[in-house]
Amino acid sequence: MRDFAAVAIIIAVIIVAFAAALTDGYYMDIFILTCFYGTLAVAWNLMAGLTGLMSLGHALFVGIGAYSVAWGYTAHQWSPLVTWPIGIGLSIAVAIVIGLLCFRYGLKGYFFAIATLACGEIAFFAVSATTALGRSDGIILPLAKNPELHLQFIAKWPYGLMIGSFLTLTLLAGQFLMRSRIGYYWRSLRDNEDAAEALGVNAMAMKVLSFAISAGVASVCGAFYAHYVAFVDPRSVLGVDISVQLLVYAIVGGMGLLWGPLVGAAVLVPFGMFLRNFSFLQGSEVIFYAVLLIGLALVLPQGVSGWVVGRIGKAKAAAELPS
Amino acid sequence: MQAVISGLANGSIYALIAVGLTLVFGIMRIINFAHGEFLMIAMYGGFFAWSAFGIDPVLAVVIVTPVVMLIGVGLYKGLIRFALNVPDINQMAVTLGLSMLLQHMALMMFTGNNRLITQPRSTASIAIGPAIIQVPQLIACVASLSLLGLLYLVLRRSDLGLVMRAVSQSRDGAALSGIDISAVYKWAMAIGIGSLGVAGPLMAAILYVNPMVGALFTLKAFVIVIVGGLGSFSGVLIGSLLVGLAESIAAAWFSAAISAAVPFAILLLVLLIRPEGLMSARMR
Amino acid sequence: MNQLLQLEGVSKSFGGLRALHDVGFSVEAGEIFAIIGPNGAGKTTLFNCIAGAQKPTSGSIIFQERRIDGLRPHEICRSGLVRTFQIVKPFLGMTVADNVRVAAYVHERRNAGADAVARAMLKQVGLDDYADVGADELNIAQLRRLEIARAMATRPRMVLLDEMLAGLTATETEAICEELREIARQGVALVVVEHSIPVVSSLCSRAVVINFGEVMAHGATLDVIRDPRVQEAYLGKVEAVAWS
């Protein structure tokens, strides 16, 4: 129950932040991007932090989601009701194939990370060479005749509402999974795969499930991004940068808890946008990230969220001791 | 035929870059995502030695290599030492962070401009049968193969090599037999990064230097190291030539973008069919 | 036939190296059975073959009248045969109760039910005071108990215990032996790999001796231990006198 309390607090914060962002388009921008990266980071952590599978190829699934929308809309005027399921289905299918292959050969740790990285890069270069997908120039999504049906809004708040709700949903579903058999199985695989298998855990099925869910959520984020920005190109939705960014949020926020990386995104995304206001700091933003990343990875391996929760736990234990 | 020759030439240069990465991984079990950034530094070293002092890149190797070796030792002492005891994912974060840091510091110091060493011999070329090879490339090839040979001898014949192989097989076992692990790691980093000191100046005469040049080579070096088998010397050579060849053939038949994806496709194939690499690692 | 587990002609080779050759024996329901043999005789390989971590090169392993050789470890566990590890493998990022809960999900899909099973098992092995601490805070004897609790939470018909007592003090050993006897009284068969002959002779009714990957002797524990070939191979002549 305590875990749900933490999630409830986070959801309350999301709602308050959304309400505050209604006052100003710039704030709404920050809110939307934070939720976008936050959702991706939570999805990524479902695999990395809770199942022990480091992926460096999540950009692939963001890309599949984004390109499904962009291509389906520009080539066939398909509505999101068609393109979203295509994107999600395709992502899940790709994740299952990659997962079955990688896990069958026992790829773990670095090797799995680099295999997923390679998959992402192949997609990046393949899309950059495909004329139907706009090559490296990308695809612009023009205004539709009935924009609302294609999730095109002039105001920003509907986008904020969409991604905020999706983040909330992801958190709730994720927390529910974590407290269920599946979540326990995932964590047991993370901690010791041999022992888990000996105790009746179907490692292959559970790892593929984790990968598929994570990929599905990531592709929804990608689909959302295509609607919101109305432009997709390989760099913005298929680049390694996205995958690396997720790692940064996870290290900063902490991976032991489902919502740890969300904390990282919630701190770093707004801060990065804030730094971008100062032109004389060009590039220093990344240097700051890099130093923070190195420092936290070495000094605070459990991340900010893990550290705070640990502190609270200790304080509670100390308070309970006298009684 | 031209594609084959230039593929092999590229491949042997890749080998020079990948050998350092495999050495460091084989011994320290850490994957250095910033490997390419040190190549970038060495390339700038070669470039500035030429542009400021008019030093020939071949000569610059002698100056840049010791400097880069010292940087390797400094990196171990100052950073990597602390990263050895944290989980894999944190190690990855540390070296990725280092890579970002070096890239953007280079961007601030050297700007994003492309630079290249241009000498009279830069455009000269030699015909090999129906194909031609450019002189700077030929120099780099020769240097690469001789350095690989030298490193191989060091690892196989010298005491240091013996100790390094012992550590790569079992860190604890080696420590129990009284080997100073920290000193071995220091040397591994010195040689692993130092080999880039040979590659850098020579490559600055072939390729444009810019702050992002390293990232590309880091990824390729990963591919080669895994394709060849981690920690395997002959594997590095075979992996490099394979990747170089496949790339240039794909570029000749299809397009540049397809050719860029080719190394990763090879990597996936190898990971799936033979995860231990083409040459099963001797050094492990 | 009342055989719970039956091995026939089980062989395993790694490349050219023959780790097991034509191993056959059987274990009855509810008994405590020992696998003994010198270091490197192939005991752990045998264990891994039975538990599904490795696949035998040839031969058959039948558990509850069903062939299990070649099945995945989780399938074997679900069929009622569970193992522990020589080097304990706790889930260090989870609490003690959650460690056991993972195993309890084999038969109990409901969360509350799995948690209840986990706590009951911890009580049985005397770890109930530690239920909510992290598994990383337990000492080696407690970790061994945790292994037993996890194994029992899968409701097995048979448990394979790989050197469960190595490195424990005499008191700890005695306490765990008593628990093992209690488990056997509940009708669960135990197969132990164990080095200490006194422990084996006090705990186990029957035993098989493996040497160089082959069965050297098979039968009642005391007979097996007194077998001169076993004494020579395993115990060495001097010690043999002391134990006979």
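What to note about this one:
To keep things simple, chains are lettered A, B and C as they appear, and every chain counts its residues starting from 1.
Keep this in mind: contacts are C-beta pairs under 8 Å (C-beta built on N, C-alpha and C of every residue); 3 or more make two chains touch, one makes a residue touch a chain.
Just so you know, these numbers come straight off a predicted model, no measurement behind them.
Contacts between chains trace an open chain of neighbours here, each touching only the next in line. For the criterion of most C-beta pairs in contact, the winning chain pair is A-B. Ranked by distance of CA centroids from chain C, the top chain is B. The centroid of the Cα atoms in chain A and the matching centroid in chain C are 43 Å apart.
Between the Cα centres of chain B and chain C there is a gap of 49 Å. Mean C-alpha positions place chain A and chain B at a centre distance of 32 Å.
By the touch criterion stated above, chain C contacts chain A in their complex at residues 51, 53, 72-74, 77-78, 82-83, 85, 89-94, 98-99, 101-103, 105-106, 109, 111, 114, 150-151, 153-154. Taken in their complex, chain B has these residues touching chain A: 31, 79, 82-83, 86-94, 96-98, 100-101, 103-105, 107-108, 219, 222-223, 226, 254-255, 257-258, 260-261, 264-265, 267-268, 271-272, 275. The part of chain A that touches chain B in the complex is made up of residues 48, 54, 101-102, 105-107, 109-111, 113-115, 117-119, 121-122, 124-126, 128-129, 135-136, 244, 247-248, 250-251, 255, 283-284, 286-287, 289-294, 296-298, 301.
By the touch criterion given at the top, residues 179-181, 184-185, 187-188, 190-192, 194-203, 256 of chain A touch chain C in their complex.
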